[in-house]
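Take a look at the structures below.
Each of the next two complexes has subunit A plus one other chain: subunit B in the first, subunit C in the second.
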Partner chain A sequence: MSGIDLINVVKRFGALTIIDKLNLAIAEGEFVVFVGPSGCGKSTLLRMIAGLEEISDGELRIAGNRMNETPPAKRNIAMVFQSYALYPHMNVERNLGFALETARLPTAEIRERVTKAAKFLKIDHLLERRPAQLSGGQQQRVAIGRALVRQQKLFLFDEPLSNLDADLRMEMRVEIARIHREVKATTVYVTHDQMEAMTLADRIVVLKDGFIAQIGTPMELYERPANRFVASFIGSPRMNFLPGLLAREGEESVLSLSGGRHRLAAHDYAGDVTLGIRPEDLMLGGGEATLEAEVLLVEPLGGESLVHLNVGDGRSIVVKAQGKPNIRPGTTTLVGWKHERAHLFGKDDRALLPGRT
Partner chain B sequence: MATMRIGLNAMRARTAWLFLAPSLVVLFAVALWPLGRTFLFSFTDAYLTEPDIYDYIGFENYFTLFEDPLWWQSVRNTLFFTVISVSIETALGLAIALLLNAHIGGRGLMRAVILIPWSIPVVVSARMWQWMLHDQFGILNHVLKLMGLIDNGIAWTANPDLVMPVIIAVDVWITTPFMVLLILAGLQMLPRSIYEAASIDGVSEWRQFTALTLPLLAPSIAVAVLFRLLDALRMFDLSFVLSSNSDDTKTVSIYAREVLVNFQDMGVGSAASAAIFLMIAIVTAIYVTVFRLNRRLLGV
Partner chain C sequence: MVRSRANRRLHRIAIYSLFTVVALYTLFPFYWMIASSLKSGQAIFDVTFLPDLKFNNYEAILSDGVFLRSLMNSLIVAASVVVLSLGLAIAAAYALGRIDFRGRSPIMFLFLAVSMFPQIALLSGLFEMIRWLGLYNTLGSLIFAYMIFTLPFNIWVLTTFMRSLPRQIEEAAIMDGCSPLRIVRCIFLPMMGPALMSTGLLAFIASWNEFMFALTFILTDENRTVPVAIALISGSSRYEFPYGAIMAASTIVTVPLIVLALLFQKYIVSGLTAGAVKG
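Showing the complex of A and B:
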């Protein structure tokens, strides 16, 4: 048992409330990613689980036991830091074995665990080196190795890949996924990169200003964002938003956009709305609903292209199209979508669904 | 006509020499020339009254110096003072630096306050302490009497058993802030995250101190100790003000000045100065070598 329960958890720094009455249950063996923009409280929340920050109010339970007053060392966790936090004066082998050495494990066992972790992370040829003699990616592997050798049931990662370049980030992402698959430890992972969140997580917790904006599997968040914030945060390039008006007309609702009127299934909501459509759900030339648009720019990315369109009132949208569409900037084109791929958000930015307010 | 071409590097080198020249001239005039003259005079029988008239007498002055038991006593005094005062200052400096590095309120003010003893000129502090240590009117004896610990004032700077400890204590008071400052600067360079990692890994505070802080701080401490070592080996003012004529606290610098100025003997005085220079050079060389070896062994 090594699930985590956060019950009405609050974090205050003086008069400033960073996290307010947050509730979250993480199951044993689950890989949960906290994602959100800078300052949303995701790192603070992780550090509260680790015991590096005090919990102002509420309760933290690990494996069912209250942990608020338990020092970090007794929480049976292993943590990987953004800055790696390697001991600069020790070589890789001692860095890996230091915690075990401190715990007075037999030398033979320390050696065995260190060798195993080093092999697993492909750093066994670097054991004699000191951190300063390693590349960023290698240092990160050592930091992960240091967490692995302790064989804890709970892993915490605090933006572990943000100091690496794009290639290494992808490589280490795959590596972390592999480690989770094999070690099966409960993992909490903090990142501001929605791509890492999408690829690694069993469940994603999107945080905004200390609140949970939405919890769900990556595909749930992508397919059914609960609000405009999650809709724009998950997905790249980000979702297009257009203002409109939703009105009830008998057995159906009518959505009025500046470029036309569209009949939809009946919604209970009526009034100002925002229509959201992902670039990959827009089609050039036609669809169930269409708008006329002026082509601003075509960005070929190789296999696909990003087409920037002006849809009137100075509003621009982005379409992700396969290959390189044969259109020129300055010309007019039709852009369309399927109603089932469109998202509607009410005045309070909450997602609207047919038949619900 | 063949034009003369000067390479870019040669031009850069010439500019560099041009800029270096003034400081080299000054360095020669104030450091190398006097040092050379001191070595030169140490092989002559010159007197301060007529320094232009002298003969070379070989190592005669050095024999005189090394046969003088007072010289050897001042060497012992100097080394004793250096080892004890620098040791205490290092330990105390480290302790205070660790305290000031902790996240406690009012530490900004504390950091400023702690520097006061070091910012006072040594002669002034020495006088101040002389008054405080005065056997009849000094505040120290006054307080001790009020507390009923003593009946008669203690002659702190006249008692041969007390004078060296007193001088060491005053030196500790004056120069510990310097140690605190240098060690604190080193402490603040240490990354916070390694301590967080260690606390999660179950490393106790004491082991964090011995296994992380001390080895990482060693270079800072070593440099601070080296500075203090050089300073302490040529200590003059404190001993001169607090106990000017006592043989128990005579340092090599005071010995050299005495021979040179009081006895006007330029030859032996210069030999003593040269010997001090060599002594400091040897101690420094040993220290630096040992430290380098240590670093290599420890892999710091």
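Showing the complex of A and C:
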């Protein structure tokens, strides 16, 4: 058992409340990603689990035991830092073995565990080097190795890939997924990159201003965002938003946009709404619902293109189209979508579903 | 802009002549000291710039038991001050640089204020303290007194240096199960090498050269340190002032410092600037 339970957890710095009564249960062996814009409290939350930040109120349980007052080293947690935080004066071997050395393990066992971890991470040829003599990716591997040798049941990652360039980031992302598959430790991973979150997570926790905006599997968050914030945060390019008005007409609801009226299944809600459609759900030329739009710019990306359209009132939307569509800036085109791929958000930015408020 | 050849040459001459003037200005006193120490008897009063290479001043001073004894005393005092003040300063720097507590900056400024007092202002009060502690006329009195000016400086430099060390490294060590003592000993101390070298060396030089406390707190010849011992070297009669011997003694005292400074030159600069510039 090495699940994590956060129960009504609060973090205050003086009069400022960073995290307010947060509840979250992480199952054993699960890979959970905390994602959110900077300042949303995701790192603070991770550091509270690690024991590097005090918990102002509420309870943290690891494997069912209260951990609020337990010092970090006794929580059976291994952590990887954003800056890698390798000890600059020690070679890779000592960096890897330092925690075990501190725990006074026999030298032979330290050696064995270090060798095993180094092989696993493909850094066994670097054991004599100092951190300064390693590339960013190699340093990252050492940092992960330092967590691995401790053979803990719980791994914490604090934005581990944000200092790497794009190529390496992808490589290490795959590597971290492999490690999780083989080690099966419960993992909490903090990032501001929704791509990392989508590819790595069993479940994603989207945080905003110290609140949980939504918890769910990557596909749940993508398909059914609970609110406008999650909708715009998950997915790239961002979801398009258009203002509209929703009114009940008998057995149907009618959505009025500046470009036309659309009949939808009955909603209990009536009033101002925001229509959200992902760029990849928009089609050029037609669909169940359509708008007329002026082509502003076509950005070919190779296999697909981003088409920027002006739908009136100076509002622009982005369409992701296959290949390179044969349209020119300045011309007018029809853009459409399927109703089932459209998301509606009420005045409080919460997602609206048919028949529900 | 492309400079003409003549212009470049002129530029170079200007730089080298300036360099020569500065070198002369700083090095001549040393040269004069060494040259004088190598002249014997009356020759010292002739203005000749080349030394005679006569070593009888050195023979005289090195066969003088009192001088050798004071050399030893200076070594003991300076080394003890270095070890003690570094040890205390590291502990203080960890607290001031790494732990948040109320009143941290007032304490820092108190340290700074202490180091601003002129030595002479401290003299009588310190004298009372030393008598009360029973340290009068012992080397302990000097070790005690010198820490007053070495500690504030060491604490300031080491605190700024300690602050510049990345916090995540400390946190990584905490996660690895290190106690604060082990963090300081195994992580911070090795990383602070340059700063320790420079502050240690400066503390050594300051205690090695100090004169006023050494004159006041020590009564008898066998406990004197070198600067005072040199000042008290006297000739066989009151009409003789042994310039040669004094110069030889000064040379013997200065050379170790120059050697130390040259050896650790690299560390002194990097240690003193490390706190100021990140990276």
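By definition in this document, the second predicted complex is superposed on the first by the 357 of 357 C-alpha atoms of A that agree within 3 Å, B and C clash if a C-alpha of one lies under 4 Å from a C-alpha of the other, contacts with A are read in each partner's own complex, and residues count from 1 in each chain.
The rule is simple: a residue touches a chain if its C-beta (ideal position, glycine included) is under 8 Å from a C-beta of that chain, and two chains touch if they have at least 3 such contacts.
All values reported here derive from a predicted model rather than from experimental measurement.
**Q** Look at where subunit B and subunit C land on subunit A after superposing the complexes, then choose clash or fit.
**A** After superposition on subunit A, subunit B vs subunit C: clash.
**Q** Does subunit C touch more residues of subunit A than subunit B does, or is it the other way round?
**A** Higher number of touched subunit A residues: B.
**Q** Going by the contact rule set out at the top, does A:72 touch subunit B (first), subunit C (second), both, or neither?
**A** Touch status of A:72: both partners.
**Q** Between subunit B (first) and subunit C (second), which does A:52 come into contact with in this model arrangement: first, second, both, or neither?
**A** The answer is both, since A:52 touches subunit B and subunit C.
**Q** In the superposed arrangement, which partner chain does A:99 touch: subunit B (first), subunit C (second), both, or neither?
**A** A:99 sits against subunit B and subunit C alike.
**Q** I'd like to know which partner A:87 touches here: subunit B for first, subunit C for second, both or neither.
**A** both
**Q** Classify the contacts of A:130 with the two partner chains as first (subunit B alone), second (subunit C alone), both, or neither.
**A** first
**Q** Using the superposition on A, tell me which residues of subunit A are in contact with subunit B and, in the other complex, with subunit C.
**A** 50, 52, 72-73, 77-79, 81, 83, 85-89, 98-99, 102-103, 146, 150
**Q** Which of the residues in subunit A come into contact with subunit C in the complex?
**A** Listed in rising order, the residues of subunit A that touch subunit C are 50, 52, 72-73, 77-79, 81-83, 85-89, 98-99, 102-103, 146, 150.
**Q** Spell out the residues on subunit B that touch subunit A in their complex, using ranges where they run on.
**A** 191, 193-194, 196-204, 207, 211-212, 215-216, 298-300
**Q** Name, in rising order, each residue of subunit A that touches subunit B in their complex.
**A** Touch residues, subunit A against subunit B: 50-52, 71-75, 77-79, 81, 83-89, 91, 98-99, 102-103, 130, 146, 150.
**Q** Name, in rising order, each residue of subunit C that touches subunit A in their complex.
**A** Against subunit A, the touching part of subunit C is residues 166, 168-169, 171-178, 182, 186-187, 190-191.
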